[in-house]
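We call the chains A, B, C and D, going by the order they appear; numbering starts again at 1 in every chain.
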Amino acid sequence: GSLEIQQEIMVNVKLEFGGGLELLFDNQKKISAEVPNDAGNKLKIGTLLSWIRDNLLKERPELFMQGDTIRPGVLVLINDCDWELCDGMQYEVEEGDSIVFISTLHGG
Amino acid sequence: GSLEIQQEIMVNVKLEFGGGLELLFDNQKKISAEVPNDAGNKLKIGTLLSWIRDNLLKERPELFMQGDTIRPGVLVLINDCDWELCDGMQYEVEEGDSIVFISTLHGG
Amino acid sequence: PLYYSCGMDQHAIQRYSRHLLLRDFGAAGQARLLNSSVLIVGVGGLGCPALLYLAAAGVGRLGLADFDVVDESNLHRQVAHTEGRVGMSKVLSGAASAKLLNESVQCDLISEGITPSNAVEVVSSYDVVIDCTDNPRVRYIVNDACCIAGKPLVSAACVQMEGQLSVYNYPPAPTAMDSSPVGDAPHGCCYRCMFPSAPPAAGVENCSDAGVLGALPGVLGCMQAVEAVKIVAGFPPERTFAGRMLLYDGHGALLRVVRLRNPVKHCLSCGSHPHRTITRQTLLSYDYDAFCRGSMCSARGP
Amino acid sequence: PLYYSCGMDQHAIQRYSRHLLLRDFGAAGQARLLNSSVLIVGVGGLGCPALLYLAAAGVGRLGLADFDVVDESNLHRQVAHTEGRVGMSKVLSGAASAKLLNESVQCDLISEGITPSNAVEVVSSYDVVIDCTDNPRVRYIVNDACCIAGKPLVSAACVQMEGQLSVYNYPPAPTAMDSSPVGDAPHGCCYRCMFPSAPPAAGVENCSDAGVLGALPGVLGCMQAVEAVKIVAGFPPERTFAGRMLLYDGHGALLRVVRLRNPVKHCLSCGSHPHRTITRQTLLSYDYDAFCRGSMCSARGP
């Protein structure tokens, strides 16, 4: 009989971190990531957030996520557009997407 | 017998003019243009320059071209790169290219 | 020429000649500028360049709001103050510099800064508001007052070697006094649309904690002045940073402009009835301290 | 802490604390800044903000080069001057403002401006040069002197509502005094690599003809100060605007950064032997007037 396996594919994304968030990622501002996903399913950005937290984040996860979503005060940009213009947490990540996480600044 | 005709195709380019050059184009900063080209041949940027002069330019062509090339003091940017990084006058225009012509400024 | 009719004397024509020559600005733009009023909240790293350029450009009335005094550590970036004015109130020092540049500019000094008690009244008497504060709590108060009073808000911030700038509430959301249903006309998103919850304390750095490269707020503050001048001269939202944000990374010499969300219907500050709960009547009782609890918003800004 | 060892007293530590706190700058960066020298060519729309922010930041020695006097029409944007100083030389007025901000900054006044006669000597005595001129002829002279003396050049320009900024000759091309073969080491392109021929007169507008929105040179001049501070603090070329140019369209609130060409081997100013004909020995006899004939380069800048 055949062994049923869950086939995995990789989705390439260009991640950027700014406004101080890069400090949570070992001071890396740009990371090219290969994110595993089940073949046949789309990669939800919510899944990507958790994957980033579990695989790339080096410290203080509470400064990146709050519950299942991004923490208040972090702007998520998908291809230079606020993710709220792209269905927010429901957005399905495409191969090659640029995804920027930027903490808002308050200094003057 | 068959009539031999030179088949024409159209190349779409996004043109932008800045640094005052837009005044030569009826104050238009952005023009989406369909540029005719012989099928089978690549569209050289030199050919595009002449086409712009003959079809889009409204006044004072000497402020856009000098002889067969761009006039001194105008920066040509192909997809946000100085055209000198892309073979200059030999560059072959691709469908969808962004081509920016910007006059350098001197004020302070 | 045209501009004689705008009531400028020979002196003003000479002084503002580089604006009068400007396509898409000219005498009409300068006349609007001379009759305009701009409120600058915070006379620090961002407020100093903003006030110098707005005074130089001839804005009619300039409101300066700050409770603080000039400290020696301000001088590496706050170029409207001077060594000789350490200890002086920032609004006095700022107004003195504005007057040296342009005697004809009227300066209003709001030396208690912006608070829930004065926010709506102060903001109401200006055409445009510039947020130059170093304090999220005041950023929310200023935003809410701008939504209530129907004023565009030119907002910027910077820390370390990064800066951000946007224009909020432009065009302004309908105000409660308007006959149109609140929040239903097209308008620009507000600061609270963007950031409905306050950030956690540890996620916020300010210039006193994390430092700032001195010339960086100069870049942002000057750009705030550019946007304010455009707004009072009548430039439409799509020619400003309304609905977009500039991200400037001075460390890598990178700049990008990104698109922001549409206004949020259930926003407490600019949303539709019954979501808009922060109004002229309720702002004073809105609990900014509770909203900012656990965040650094409650910290007093430097 | 570390910075005590850099020879700053308590006063300086307090004053520059926001730089000392800065990651990637800190005490070492501030120490370099305090020991650095920067030449500002042109004390007008760009030079005023650049000098204010460099003085505030504590640059050790500031060269101010301008032959002009303060005119009333300057005041709408040249915020280091004041109404009371109309008629005063711009370098005197600029130095006075720098001193009010920071008494410890040494100002050199080059009141004849930069000319072929003094260019190489003046440029040689600074670490970084900032081009804030309003005149293409001087832009070429300054560029050529920077290539001869091996100095990075932070260049900006603006007219109407547009601005441009780049960093040229960084890292500097080998100078004639170096033992390495001229022009063969990797270096940044220079102004003349970008613009080997002068533009035609009619293609050039300056602020006196075409006007300028006052706060716009503020944005660019502050950004020149940011780049100069980064260079003296030791930031590598790839973190500056070397090899890239910022294009700022204030009319549409658009910013883009584009990639510039590699240095040109046959460039007269920075190219390889025997192309490099503008040298320490020949600059004075180079005919800038002929080079600029038919262009507006020969016009005296305002």
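Quick note on the criterion: a residue touches a chain if its C-beta (ideal position, glycine included) is under 8 Å from a C-beta of that chain, and two chains touch if they have at least 3 such contacts.
All values derive from a computational prediction rather than experimental measurement.
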>> Taking each chain's centre as the mean of its C-alpha atoms, which one ends up farthest from the centre of subunit D?
In response: A
> Between subunit A and subunit C, what's the gap in Å when you average each chain's C-alpha atoms?
Replying inline: 32
> Just curious, how far off is subunit D from subunit A if you go by their C-alpha centres, in Å?
Replying inline: 41
> Counting only residues that touch at least 2 other chains, which ones in subunit C make the list?
Replying inline: 160, 207, 210, 212, 252, 256-257
> What chain-chain pairs meet the touch criterion?
Replying inline: A-C, B-D, C-D
>> Going by the contact rule set out above, which residues of subunit C touch subunit A in the complex?
In response: 42, 44-47, 132-136, 139, 156-160, 162-164, 194-200, 202-207, 210, 212, 217, 245, 247, 249, 252, 256-262, 296, 301
>> Under the stated contact criterion, what part of subunit B meets subunit D in this complex?
In response: 18-20, 29, 60, 62-63, 66, 71-75, 77, 80-82, 84-85, 100, 102-108
> Which part of subunit D faces subunit C closely enough to touch in the complex?
Replying inline: 11, 14-25, 49, 52-54, 56-58, 72-73, 75-79, 82-84, 100-103, 160-161, 207-216, 218-219, 222-223, 225-227, 229-230, 239-241, 244, 246, 250-257
